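Have a look at these structures, which come just after this line.
There are two complexes below, and they share chain A, which is joined by chain B in the first and by chain C in the second.
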Partner chain A sequence: MSVTTQPTVPLAPDGEPDLTPAKRRGGRMTISRRTNLVGWGFLLPAAGLVTLMSFWPMFRALILSFQSGRGTRMRWADPLWFNYTRLLEDKVFQQTLANTFIYLAIQVPIMLILALILANLLNDRNLRFRGLFRTAIFLPCAVGLVSYALVFRTMFANDGMVNVFLGKLGFDPVPWLNNPTTAKLVIVMGLLWRWTGYNMIFYLAGLQNIDPNTLEAARIDGAGPIRTFLYVTVPQLKPMILLTAIMSTNGTLQLFDESWNLTAGGPGYASMTMSHYLYQVSFQGSPNFGYASAISYVILILVAILALIQMKVGDRRD
Partner chain B sequence: MTRTSLRRLPGYIFLTIAAIVSVFPLYFMLVSATNTSREVISSKLTPGGNLINNYNALMASQQSLWVAFRQSTIIAVVTTVLALLICSIAGYGFEVFHSRGKDRLMAVLLLAIMIPFAATMIPLFQMFAGLNMVNSVMAVVLPAVATPFLILLFRQSARNFPHEIIEAARIDGLSEIAIFFKIFIPTMRSAYAAAAVITFMAAWNNFLWPKVILINSQFQTIPMMISNLTAGYVTDFGVLMLAVTIATLPTIFVFLALQRVFAEGITGAIK
Partner chain C sequence: MYNLNRRLLLGLGLSAAAVGLAGCGDDGGGTDEPVASEDIPKSGTITVWCWDPAFNLYSMKEAEKVYQKTSPDVKLNIVETPWDDVQTKLTTIAQSKAFDQLPDIFLCQNNAFQKNVENYPDLFADFGSSGIKYDEFPEGVVGYSKFDDKNWGCPFDNGTAVNALRTDILEQAGFTVEDFTDITWTDFIAKGKEVLGKTGKGLMSGEVGSPDILSIMLQSAGGSFFTEDGKANLKDNEKLIKSLEAYRDIVAAKIFTQVNSWDEYIATFINSKVGGVINGVWILGSVQTAKDQSGKWAVTNIPKLDGVDGATNYSANGGSSWAITPKDNKVLAADFLAKTFAGSKELYETILPKAGALANWIPAADSAVYKEPQEYFGGDAIYSKVVDYAQKVPAMAPGAYYYEARDAVAAAIPKIIAGGDIKAALEEAHKTLEFAMN
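Moving on to the complex of A and B:
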């Protein structure tokens, strides 16, 4: 009896029909739908620009890399992969590819290890002049790439400051920028100077998230500072190390300013980077956009492959 | 006490060497700006009396120095304002109007970090040439405005923004866009400062893209101008170092004044 007379709309304690939860839910749906749309509106300018300024040009470059011709009169290459097979015979391209890998293999590991050591030293709360050291080592980041390249070029000029200094120490002058090996070395030194402090800042940020108890535990277990650093600190910084490794690899594969301003790619093509060669093919002499796009896709693919390898290695559990 | 100090000694020596090496090229740059080319080459490391002569020679060879300075300032300011506005609206949108679809979009946008500029440079040049925008400020600015890195940075900072404030403002009847402009921007000043410093520096120092798209020398930026100083027959190193100093001092001042903000900017997106 009571069951059948039960009102279909339950009454709230105060006697009003309790429609509110359902009603409110319905209302929320439309409001949240509306705010969801507003949300998409917030993303639109940025997403549109990234698409227009990165994804679309990247796709266009792929098309271009299968084309040949000048200016606006581009047609499909014959055979389609002509620009790519040309890379295999282009000695200059291969030289710049090798140069870029030399920079990558020598500079990035040295830089990241130096940055790790510096960050670990600066993370010591009892260190005197901590702020001063940090500011000094971080300072090169404030200098533009063109500016520092020109300063290094002046210091390493044939009769320049570095050679005068070496002479005072009794060494023979070194033709820094005129020798294929030392020209690369000057670029590596420049990169180390400019970017070590930058990476150090990432490690300092990462070190703040490390539980001091783990370091204390290691100390109590009798581990010295070096063992603590290697077996306690470094493993905990692994995500940061992976990030800086990927960023540095990405940056090294795109080097341009240093190659252009510090060594002008020389002597010959001995210190030229891939991006510098790409610029030359694109905008100097008789521009060849199709071939240049093929070069740019080699850079793109290398960036992707190396990032994937690093993420695989970084993900591996040890 | 003395034992721990002694144990720290190698660390101090290492840090001191690193600090000297880091600062020395800048000291060399500053001092050389006041010396003659021959003094620079012969490694005179004390201030000289040739600053005025270097300045006059620089003006005589490159009348466009202050024009380039103005051009760089305009480009850096416009880039910074637009980048902060567009990326912060997006970062806020991703966090506050969070949904699965938006997460997917963010993942796609993040892929753009891995696209090397080299791979977009030629089509971008063709695109802006097609729009008759070669030599224009906006052609320099637009590719630098929306960066996934900045969007990420603002999304991270929006994460710390209390949601209750947004709810309260909604109940007060503020529109979503008004909440963003009137409440989010003023409370997130430190995130904006960090983003502004890194964006301004990057725009000020950018070289390759301005070099590609600003063809006429009357539109050249500061980095382009100092780079061209070495293209002559004989480089006057005193003049060159003065020009490099003028190009570098603004960013060094910004850095020294806002070092923590700068550090926050480069690492903020990954916290």
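Moving on to the complex of A and C:
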């Protein structure tokens, strides 16, 4: 993405175009200053709202994560990092952490590769009903998270559609949601169905920015479609792949709806995600908001670390 | 220096005032003498949160009519609020201290009562001066909302466990409902296997990982996930071990159909996939939605655990109680509940046939309505039967960490069903629960 938006005017340290000569010609207020102020004026309402609605609660959550106690009887934890050390001993949290990383490690790569392939196929100008296919693949994104999760739960029920179908093919019914492995598998399948089309749209948009000449040149040089895809298309899509990878990682680490509605975290804690556990700690069990805040900060730190790694690996401009 | 001192003094003064105010607040609810009748407001609007239009909300509306006979200027403002929302709202209000957002009365799940009273005492007013006679309710039911020796709830929804069976299916296997009355789980499994062999149908169903049946078994012997003083009590809990053994054997005998969700669970007996259901008496509302099965159901008591001290054929699951909040209306709200749900036969006579709301209030059981034969259940007077069961339910030590305990045990169940060692699984669950509790 950043490839297409390389600024042509040299930037001053504050990120504004450096228009020093104009500054000197102005009256009491220089043009640059006025532009700056107008810019800030437009930014202010949004920035104020973001601060009030996002950063302030985040700050309060940080404070809360250093407190312990149930319900409203909160006091400073002793030691202050008590909730964080508690995480290290929490078997359930560790299980949910492992579950979340299993989803991440299996689902995100499959989804992104699939989305990339689909985008490439549907970018073919000669393909008939291109619009129809694109819409069909994107459509799951328009479905509410809860409703699709409930449909998946019904489909994978013991006497659900999938087992009936397997029965017709002569297989034994699979207790999809009762088995730790298959329960996770169902969640992964649900996520793939729901999100592949979403990422495909990003790639399709990215593909529009690729100069067809580069593809033609590769073809003339004798590269087959697969080599063209791997060595010409994919490198040019790199910024977009980075973006989707970070977004998907972020989304998967915060996964809640599927865990809650599809499997209810079960059997036991076998398919529960971190966010689901966080909710349980705050609202279902005896409320422990300090601990829940600590969990949310761990999720934040994990998202930040993973995004950083991805940026280091994926955004190497050469 | 002078300035600093003055500020310090002011600060001290203010905190002293705050302490004084807090002291006043505490005094308010301390007296246990019934409020004199002239002190009860004669008019006002009571705001109520409850969730089921066909059940508790309907009952509340009927209670309004009953109360208006003596206090015509008292009105109710009933806001339909699903339980999950009630819990979230209570939590939010308590955390943000926005107490003006509270209703005057709300309905609280019995299993969540302790947790809320203990963690958010600001949300509750006690019934000490309401004049409700708590000895007119079964002890086990009152226990849910009792905390620090005070009563914080007026019991409403009866959660007495019943064993509902399809007589037509039993008949095919040569049994009657009497064969399933006052029996043990071992008998139940043996007879269940016979029914399964002859009809292909099991006698129970349940959600995988839902410990409903297990906690019914546990309470039937007076057991609990907690000790009397509220500590975790899963490891080496003999009653829990026996319950888990029975649970495992039922599943192994294939007379228990495991499903994944509540709607599937309801479907198992509505669609005649199983020939019975064991749950709180409120499940009969769902049973009766199968109109074609009228007359084919019977209700009896549940099997009891073998070889356990204090084992009975009676237990409970769920239920709910009304709570009042410490707002200006608390005297009126308490009086309202005392004269309706804890004092009006007429109310229970209306809501039983219309909403299937079975009284926890023992005097209601004398009513003729309770003795009427129920056609759906083969002409049996099941309601007076269930009220009778209710009085025999052993009290169970409730705990503020009920949901944590339930989850910990739920995680142990699949391991046990898969043939794992019960003691080891419970030891792990015990650790999980203890961890969650500290």
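Definition applied: the second predicted complex is superposed on the first by the 274 of 318 C-alpha atoms of A that agree within 3 Å, B and C clash if a C-alpha of one lies under 4 Å from a C-alpha of the other, contacts with A are read in each partner's own complex, and residues count from 1 in each chain.
In this section, contacts are C-beta pairs under 8 Å (C-beta built on N, C-alpha and C of every residue); 3 or more make two chains touch, one makes a residue touch a chain.
Computed from a predicted structure; not experimentally measured.
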Based on the superposed arrangement, let me know which partner A:Thr181 touches: chain B (first), chain C (second), both, or neither?
neither
Go through the superposed model and pick first if A:Gly285 touches only chain B, second if only chain C, both, or neither.
second
Let me test your reading of the model: by the given contact rule, A:Asn36 touches which partner, first (chain B), second (chain C), both or neither?
first
Contact-wise, after the overlay, does A:Val164 reach chain B, chain C, both or neither (first, second, both, neither)?
first
Of the two partner chains, chain B (first) and chain C (second), which one does A:Glu89 touch, if any: first, second, both, or neither?
second
Touched chain A residues, chain B compared with chain C
B
Using the touch definition from the top, say if A:Asp257 reaches chain B (first), chain C (second), both or neither.
first
Who does A:Arg70 touch here: chain B (first), chain C (second), both, or neither?
second
Looking at chain A, which of its residues have contacts with both chain B and chain C?
153, 157, 159, 282-283, 289
Write out the stretch or stretches of chain B touching chain A in their complex.
4, 8, 11-12, 14-16, 18-23, 25-26, 28-29, 32, 40-43, 86-87, 89-90, 92-94, 96-97, 99, 102, 105, 109, 112, 114-127, 142-143, 145-148, 151, 176-177, 180, 201, 204-205, 207-208, 212, 223, 226-227, 229-230, 237, 240-241, 244, 247-248, 251-252, 254-256, 259, 262-263, 266-267, 270-271
Touching residues on chain C, where the partner in the complex is chain A:
87-88, 91, 94-95, 97, 115, 118-120, 122, 208-209, 258-261, 264, 400-401, 403-404, 407, 410-415, 431-432, 435-437
The answer for chain A against chain C in the complex is residues 70-73, 89-92, 153, 157-159, 175, 177-178, 264, 266-269, 280, 282-287, 289
Counting only contacts in the complex, chain A reaches chain B at residues 35-36, 38-43, 45-50, 53-58, 60-61, 64, 114, 117-118, 121-122, 124, 126-128, 132-133, 135-148, 150-155, 157, 159-161, 164-165, 193, 196-198, 201-202, 204-205, 240, 243, 250, 253-254, 256-257, 260-261, 274-275, 278-279, 282-283, 289, 292-293, 295-297, 299-300, 303-304, 307
